[in-house]
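Look at the two complexes coming up: subunit A is in both, with subunit B in one and subunit C in the other.
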Partner chain A sequence: MLNKQIFSGRGLRERGNWRALVLVVFTLLAVGGIILSLTKGALSISLHEIIAAIFSDNAGPSRQVIWNIRLPRTLVGALVGINLALAGAILQGVMKNPLADPHIIGISSGAGLAGVTIMVLFPHQEYLVTPIAFVGAMASAVFIYILAWKGGIRPVRIILAGVAVSAFLNSGISALMVFYSDRVHGALMWMVGGLSARSWPHLDIILPYTVVGGILALLGARRLNLLNLGDDIARGLGLNVEVSRIAMTAVAALLAASAVSVVGLLGFVGLIVPHAARLLVGSDYRYLLPASAILGVAVVTLSDTLARVAFSPIEIPVGIIMAFIGAPFFLYLLRRDA
Partner chain B sequence: MSIMQTENLELAFDGKAVLKKLTIPVEKGQIISILGPNGSGKSTLLKALSGNLKPDKGSVYLDGRNLAQLSAKVIARKMAVLPQSPEAPKDLTVRDLVEYGRYPHQSWWQGKSQEDDQCVDWALVQTGLLDMSSRIVSTLSGGERQRVWIAMALAQKPEILLLDEPTTYLDISHQLEIMELLAEFNQEHNITVVMVLHDINHAAKYSDCVVILHQGEVCAIGKPEDVITSHTLRTVFGVESEIMMDNGGRPVVMITGLTKRRGQIK
Partner chain C sequence: MKRNLFYLGCILIMACLMLSGCASKSKEQQPAAVSADYLRIIDDNGRSVVLAQKPQRIVVLSTSFLDVLYGVGGEAVGRPSSKTPAIFPRSQMAGEVGFVYNINNEQLLSLQPDLVIGFQGIHEKLIPILESSKIPVVMLKMKTYDDVLAKVKLFGDIAGTQSTAQNMIDKMQIKIDEIVAKLPAHSKKVVILHATAKNVTVELEGSIAGNIAKMLKIKNVAAGSKSIDSDPDIAPYSLEKLVEGDADVILVVTMGNMEGIEARMKTDIRSNPAWAGLRAVQNNQIFFLPAELFQLNPGIRFHESVEYMAKVVYPEVYGNVK
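Moving on to the complex of A and B:
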């Protein structure tokens, strides 16, 4: 167990090298995932053709496929990976709870009920799914925060309020699906989460959140580190604990809501990617946040490629692939570290 | 001159008064110990002094300024706080943890300065941890871990150090080691120490001033030899005791038994 040896008493420099190594490996995985996602699919396209299509005007036969389908889809997938992984990493720190993820603060159930409502009741207004889901996600996050507020915020109250509100909203989703069982297919796909037919407009929606949210998350890294020392210590070191907690939760909510409203309720990334990253680079958020973001890109792009190729010509939602492969891998990491 | 002062400090939980009109001066450069039975309000008083709990009535003054009106960072540059049995993330090294002590002196746009590194080194040397600085905190023994937390507090370069039962869970030699360390910082660097203690003899041996709390009120305050008496121990703790004086003129307490049987104490 290489990381264990290094963490348990050898030099700081070795640990720095180890972190750098992990980041390099994650980056290679992410780049590999992006390349595979661009090249593999119903039509196999060589890397050379892709580069030619992106950087020159030569209208080759595969140019349409790349520009209109593969490239935007891959980029949306990458950004979704970043957003959900960052949101999960932040929430696990803020709540000091290993099970905290975008579900916990109501993002998923809020987006879910809003999105499914549109899909089922107003199937001709599908373009409204993304904005309404975003509003639903943020509304339920704010609602949970208000419910949990009692002269300040205690993480355990948020988590309990989140569980209750999510159960309430999810029952609404179930009710819709029961009443309109003839229309649930699209809604079901969206509940699982998928990148099918995601294109440039979706990228435009999510990109600003990734940029702003990513920067704010990195600026908050030291605050997250302090919060992990416990409220009393953090306050004693001069951190405004309440303000930091609200601010970082808000950043996580924006990151997750923008991702979920675009691709549906991709559950797995926000929970397990940050844990996997933490097991490998440690709990210092200055390293954990970038590592989670990069690993998020790798996991989503690789899974989406597999989702397209594995049962070709049938495409399955990426959410299924991700949980199916990721969960056992995560259990392996967990066992190995214990 | 008082570096800290509480004035008519009142604090209640769920309508039940825990601190009742406490007015306690903390003199600069002294070691002040807070003693009292369980539930007497010791920890609550310390949390009010640190700003972790807001008083319901009355105020806490730090250098003559109302604590409630100072920002957390300004407070943290003057005062370091060590709660009872703090816990660090599992993979932090000693140096990582001590570096957090510099947080109140850093701004978010700049990284570590040379001064930060010097302060961390100094804190590690003072606590005898320099050789262990790349060890993982969670693998250390209880006494070593407590020294790491104290080193973190020292790296803050505070004028006041607040500690809540710094010797709990330690064996007797490590308890003394922590007490000696605190006495040394107090003498050599003029750091004012305010701490909650359980051990009356430790308080008697190391403190300049002892505050005895009883049901949220100050039962006695002053020099150990004036305050720690058989009479006080009987009324506050419900124990019988014999008190001797050591060579330095400080009281040494030998508890001889309960005043009444447990069930009868009111």
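Moving on to the complex of A and C:
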């Protein structure tokens, strides 16, 4: 009932306290997600033991499970959620297209082809998957940008170039999977995206990008707001449209590439989380960016908890869970708003 | 949106696979010579296939079955393209019909087969084409030791070499019995990982390695766990449960060439704190199982797979590998 009132409270929505309320709710969800992710798992460990495991050094199975498996996995998931949601929110603003997500600037397909190539053709070099996937993601983003450049950048050209390049790279992935069908298992798991066996080293890889990318994104919020007014107005207000667009796309590419290279092709968060956030807090990027980031944390941590617990001890890759639950929820939000 | 549709599609396909997996489970072949017909086969999909005469032009669509057929003294005119070495060099003389997952229909039909042997779950889509051309086709599975025995017998019936087939079965059984007889009283606990340290996928009892572990009375930490499907072969698994299971030995089924993967994966596992806490990792009890014996079905070399695992898990009894 309360929910319904809030949804229909359009007058309230225009004001700052509506946004504050949504941000608080998102934060509660995110914190709840992290706590739930820490407390629930295949092994049931009491809250007391969990706290003891985090804050003391005593060895033992519960310390090993909490400190080396659950905690880093939860944190990696949270950071991945932040990165992908921010990247999606930025790209939707830069491209002025609701379908823009890390997928559209070639991040997923670039990382996908690079990663799958390593896993299928050079399985003994598997430790290279993360760096090579990162390089592949960035390379395809740059490539799409170059293709779309013609005396300036038009969002439509980027999107079309992105679709074409992605299709091209995806055909490469499919070809590898067909001809090395006996080795696709690892590649398949990676294409779906999952947090299994992620630990501290992966957190070290992704953390710098989240911090730097997050700060740059928030600094760029005003530029994104101006870009959304249209190129001419933005220029009139003194914004260098081309530079802003390239800079913000680069930030999004870094954020998404770091996330994708660590957990695989988790595409869903980048598309739907920013939309969900936008439906609730509006298009002002000063609020939309933090809201997306926090909602991203909540979505990934909650989905991963469900993925671990639902059929325990069997785990489902988190990508499947997110799309399965998230897509219908998103449609619900969409209908509700219309 | 496209991506989501893709995911949904995946899930639907998975669901279908699971359902079909349940439906066509464990149907025994009952080859029984009926009057004028040469052989009557109930395949693993429950289809009844009648061979009027002894087949002269057999096309085999899976490498595992090719080795079994040549093992019992049969011959094929067509075989799948493959990068894995065949046991019988003679079998390579047969014409290629494309990769296992991507059979070239025209090539297949141009060989004018009078029996096509496909792998259950892979080659079903060929059935309508072949049936409309009046070419008998059977879908068979081969995963466990019992499957292997049943297939050796069936192929002996097809090739008319029942005694060779029976000899082969006896030989394998004797070797396996010898190994099992020497098993130590105290059995070790193992976990069998599938291929990679990037994700945690374990092989359950239905897999080749899981089946062999069961024959050797090795406790598979992941076996017997309730799972989504009624009997999947491999499943993504909880690392936490592996910590709790506290296995003595970690076995890894590799895909493709073993050289290089082994050293690298050991380093990967040891440098990842999530893995490093497992007792088997700390005691350096990680061993690798070759793809040709554990990933692809060993078929008539099943006893070698059993011996390999016995040596890896109990080197004190059976001696070291190689």
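Just so it is clear, the second predicted complex is superposed on the first by the 320 of 338 C-alpha atoms of A that agree within 3 Å, B and C clash if a C-alpha of one lies under 4 Å from a C-alpha of the other, contacts with A are read in each partner's own complex, and residues count from 1 in each chain.
Basically, a residue touches a chain if its C-beta (ideal position, glycine included) is under 8 Å from a C-beta of that chain, and two chains touch if they have at least 3 such contacts.
Values in this document were obtained by computation on a predicted structure and should not be read as measured data.
S.K.: If we overlay the two complexes on their shared chain A, which of subunit B and subunit C does A:Leu43 touch? Say first, second, both or neither.
M.R.: The answer is second: A:Leu43 touches subunit C but not subunit B.
S.K.: Applying the document's definition of touching, compare subunit B and subunit C: which contacts more of subunit A?
M.R.: C
S.K.: Pick one for A:Gly214: touches subunit B only (first), subunit C only (second), both, or neither.
M.R.: A:Gly214 sits against neither subunit B nor subunit C.
S.K.: With both complexes superposed on chain A, which partner does A:Pro201 reach: first (subunit B), second (subunit C), both or neither?
M.R.: second
S.K.: Which of the two partners, first being subunit B and second being subunit C, lies in contact with A:Leu239: first, second, both, or neither?
M.R.: first
S.K.: Would you sort A:Gly230 into first (subunit B), second (subunit C), both or neither based on which partner it touches?
M.R.: first
S.K.: Tell me, which parts of subunit C touch subunit A in their complex?
M.R.: 1, 3-4, 7-8, 10-11, 99-102, 194-201, 222, 225-228, 234-241, 243-244, 246, 254-257, 259-261, 264-265, 267-268, 271-277, 291, 295-296
S.K.: In their complex, what parts of subunit A are in touch with subunit C?
M.R.: Within the complex, subunit A contacts subunit C at residues 41-43, 61, 64-65, 67-70, 72-73, 99, 103, 108, 119, 123-127, 129, 178-179, 181-183, 185-186, 189-190, 192, 194, 196-201, 267-268, 271, 308, 311-317, 319-320, 323-324, 326-327.
S.K.: Under the touch definition given earlier, write down the residues of subunit A that touch subunit B in their complex.
M.R.: Residue positions touching the partner: 7-12, 15, 219, 222, 225-226, 228-230, 232-233, 235-240, 282-284.
S.K.: Under the touch definition given earlier, write down the residues of subunit B that touch subunit A in their complex.
M.R.: Going by the criterion above, the answer is residues 47, 50-52, 71-77, 79-83, 86-93, 95-96, 100-101, 103-104, 108, 134-136, 139, 153, 156.
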